[in-house]
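By written order: A, B, C and D. Residues from 1 in each chain.
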Amino acid sequence: MTASTAISAEEAVGRIRTGDTVMVGGFGLVGAPLTLIDALVEASDATDLTIVSNNIGEPGRGLGKLLRQGRIRRGISSYFTSNPEAVAAVNAGELDARLVPQGTFAEAIRAGGAGIGGFFTPVGAGTLLAEGKEERVIDGIPHVLEEPIRADVSLVYAARADELGNLWYRRTARNFNPLMATAASLTIAEAGEIVPVGDLEPESVVTPHLYVDIVVASR
Amino acid sequence: MTASTAISAEEAVGRIRTGDTVMVGGFGLVGAPLTLIDALVEASDATDLTIVSNNIGEPGRGLGKLLRQGRIRRGISSYFTSNPEAVAAVNAGELDARLVPQGTFAEAIRAGGAGIGGFFTPVGAGTLLAEGKEERVIDGIPHVLEEPIRADVSLVYAARADELGNLWYRRTARNFNPLMATAASLTIAEAGEIVPVGDLEPESVVTPHLYVDIVVASR
Amino acid sequence: MTDGVKARIAARAALELRPGEVVNLGIGIPNLIPGFLGPETSVVLHTENGLLGVGPRPGDGELDPDLIDAAKQPITALPGAAYFDSATSFAMIRGGHVDVAVLGALEVSGDGDIANWAVPGKDVLGVGGAMDLVVGARRVIVTMTSTSSRGEPKVVERCTYPLTAAGAVDVVVTELSVFRRIDGVLHLTELLDAATVEDVAVVTTAPFVVALEESHVG
Amino acid sequence: MTDGVKARIAARAALELRPGEVVNLGIGIPNLIPGFLGPETSVVLHTENGLLGVGPRPGDGELDPDLIDAAKQPITALPGAAYFDSATSFAMIRGGHVDVAVLGALEVSGDGDIANWAVPGKDVLGVGGAMDLVVGARRVIVTMTSTSSRGEPKVVERCTYPLTAAGAVDVVVTELSVFRRIDGVLHLTELLDAATVEDVAVVTTAPFVVALEESHVG
């Protein structure tokens, strides 16, 4: 479907329900959809959330705000350590942490959006992070079977969106955003700028609009 | 590594050896590296080749020339039918055909370039094309396990290359080219135009130069 | 099959597409559908060789050798189009991001099995994106005549040709009728072009429930 | 560890990088390496958050909030750079397209096992791209001091910390020496800064073969 551009950030995040799994783009705060996160913090009471994001923000910033509200039950990330409050929450038994190697994390989200039922990767084989996973030796190299990761809602950030929902990312603010845009039942994109249809070069669109349900302008 | 731009099409395809597996980009003849194919036809005597390409050219055009020379022993494709001479060669026992659904074909090449040991897909499960493949029911849906596809050499076409080997594709001539560029021990790119370093917008590069070994200009 | 029959099937199938949907059209009858959508349609066409936003066939001066559809025919691209590689294109399809696939078939069974790529005893050498599309698209609409050129039924109890996928078809539009699979059961929901239930039953070996809705055409 | 020691290790590690190679640099000592490559180097730097062609740290007026490296520090991009998403970035790494990864470690074993992400009894909550890099890069170079801050050997017979990967390390550069794994066996190939074989043996519990090559430094 083509995207809607007519609703507010608050209405958009109102689609997130208690117990949902929510993907949030960004590498640290770069490329994170901060307007959508703030709306989720201020205008939603959905709680008991599972957050899929490379980091759980920083203390009091980005997803760190949601963490302080005690609304994150579970995190799936490659690097919780960048927010000491997330580490403290894990140690206090308040946050359930699933740690995934960063490349496997990215690939599993891609698989979730691409209809792949699982994939074998050599990364993590024989380590703590392979515990409980199926192992298989392929061409002499140990691999682990990784499952796709999907979400109910994805919150992503793009520098530019057109009115159909096509997205273009700037520099290293791209990171996990294009992957997460594909892997949720509902994808909400925050855009630095919303441009008329036809303004993005068709070869340069990174996320075609069929992945995007709602576009909201950054504040 | 960064790419070499200093050698001819004939020298480049001289790296292909008898018995090699060679990937060739293009959907039909659109986006096919016709200068490189012609060089392979005219200036190489490598034979007993396995060709990985969505089609085996058309009669007497593109890979159809190589087929007429009897140098293709095996084809891995989604659609042999577009070249009736390929169909005739299969029926005469001269060409060993491995037919793969087009999406699985694309995904398996991506997996080959991405260090993925195999993946489960629902496509083809329960059909003739799943014969001999491991099947597994995931979330109630039958899947088949597909292996990555790799090659000794990939021949790809891009509208523009820069002198480092970064590639940009035009319109639907992109198709399998960016995938094949990642999945071979040696990647030879044919470019419509070779531009100075810095002329391609960094956000618009589709194939970063670390995938490309040799760049040759189209004739 | 006359061009008039093909056009009538395409016209009826076009009514199945909803505003804003992303649709992939197969070769043959499905390719006639854009002519029935109207120039102001918000339906967006996807072609699996790497374009979202397919426009009309090009005029004489507009031909671009780098711009074709999956049938290898020249096309144009609309404002707001996007190009992508084949792995990305099929990730869209397999991942359920293409709302509708419309394609032809040799046979469809009452269980929604579809055979549309191979004829036993002939060469089985071209599958293209058929399997990916019928497995991946959220809704699969088959457009075909009710019988083969030899007069044999095509909506059958059990497919005799090699399957493209099992249980994949949602809607079948022929020159006589519309069938829908509802809760896994084939329903005859509409009669076309003055056909009767009897006319349909004669050329259909699949069991079906008659549950006629108001007609959309004529 | 003094800054001088770190810089000497980085300077020696820089000599391992060949013209045109694509290199990913970890946090700490590896991040000092660009200072020893010279402005005209053809070595190309990759950062796993999505850039090939990392340039020097930005000057005051050049700071761009959308442009950071994997350590979340501001960077610049060189002409000929390319940006990509994280799945593509790790596909490059895992697929063997990054020639070299240079990173720090807690321990390296004679078998090339590496532990560099977790300390038992402490939080095991950050792995980032470490496992992907040591498994995927064609050559893995470890830069570290020969002993821990508590004086314990870091080139060990068997890692005691949780592994990042088994059998992954090719070269170890410390302040005392260069080790190379050749045919699966650890070789001491170079002594640095007037160290003796005895000096190295005292702080190394992994078995190693002494096979000194001509020194590259000093």
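Convention: a contact is a pair of C-beta atoms (placed from the backbone, for glycine too) under 8 Å apart; a residue touches a chain by one contact, two chains touch by 3 or more.
Everything numeric here is computed off the predicted structure, so don't read it as measured data.
Student: So which chains count as neighbours of both chain A and chain C?
Tutor: Shared contacts of chain A and chain C: B.
Student: With centres defined as the mean of C-alpha atoms, identify the chain lying farthest from chain D.
Tutor: Most distant chain from chain D: C.
Student: If I rank B-C and B-D by number of C-beta contact pairs, which comes first?
Tutor: Answer by contact count: B-C.
Student: Quick check: how many Å separate the C-alpha centres of chain A and chain B?
Tutor: Result: the chain centres lie 32 Å from each other.
Student: Averaging only over C-alpha atoms, locate the centres of chain C and chain D and give their separation in whole Å.
Tutor: A distance of 55 Å separates the two centres.
Student: Just the number, please: Cα centre separation of chain B and chain C in whole Å.
Tutor: Distance between chain centres: 29 Å.
Student: Please compute the C-alpha centroid of chain B, do the same for chain D, then give the distance between them in whole Å.
Tutor: 34
Student: Could you pull out the residues of chain C that touch at least 2 other chains?
Tutor: 77, 83-84, 91, 93-94, 136, in rising order.
Student: Indicate the residues of chain A shared as contacts by at least two other chains.
Tutor: 107, 110, 114-116, 121-122, 169-171, 174, 202-203, 206
Student: Using the contact rule from the top, write out all pairs of chains that touch.
Tutor: A-B, A-C, A-D, B-C, B-D
Student: If you look only at chain D, which of its residues touch chain A in the complex?
Tutor: Those residues of chain D that touch chain A are 47-51, 64-68, 70, 72, 77, 83-87, 89-91, 93-94, 118, 123-132, 135-136, 162-166.
Student: Residues of chain A touching chain C in their complex?
Tutor: 1-2, 110, 113-116, 162-164, 166, 182, 197-198, 200, 202-203, 205, 208-211
Student: Quick one: which bits of chain D touch chain B in the complex? Just the residue numbers, please.
Tutor: Residues 20-22, 42, 44, 46, 52-53, 77, 79-84, 91-99, 136.
Student: State the interface residues of chain B toward chain A in the complex, per the touch definition above.
Tutor: 107, 111, 114-122, 136, 138-139, 141, 143, 168-171, 174, 201-204
Student: Looking at the complex, which residues from chain A come into contact with chain D?
Tutor: 27-28, 30-31, 54, 78-82, 86-87, 90-91, 97, 99-107, 109-110, 121-129, 159, 169-179, 206
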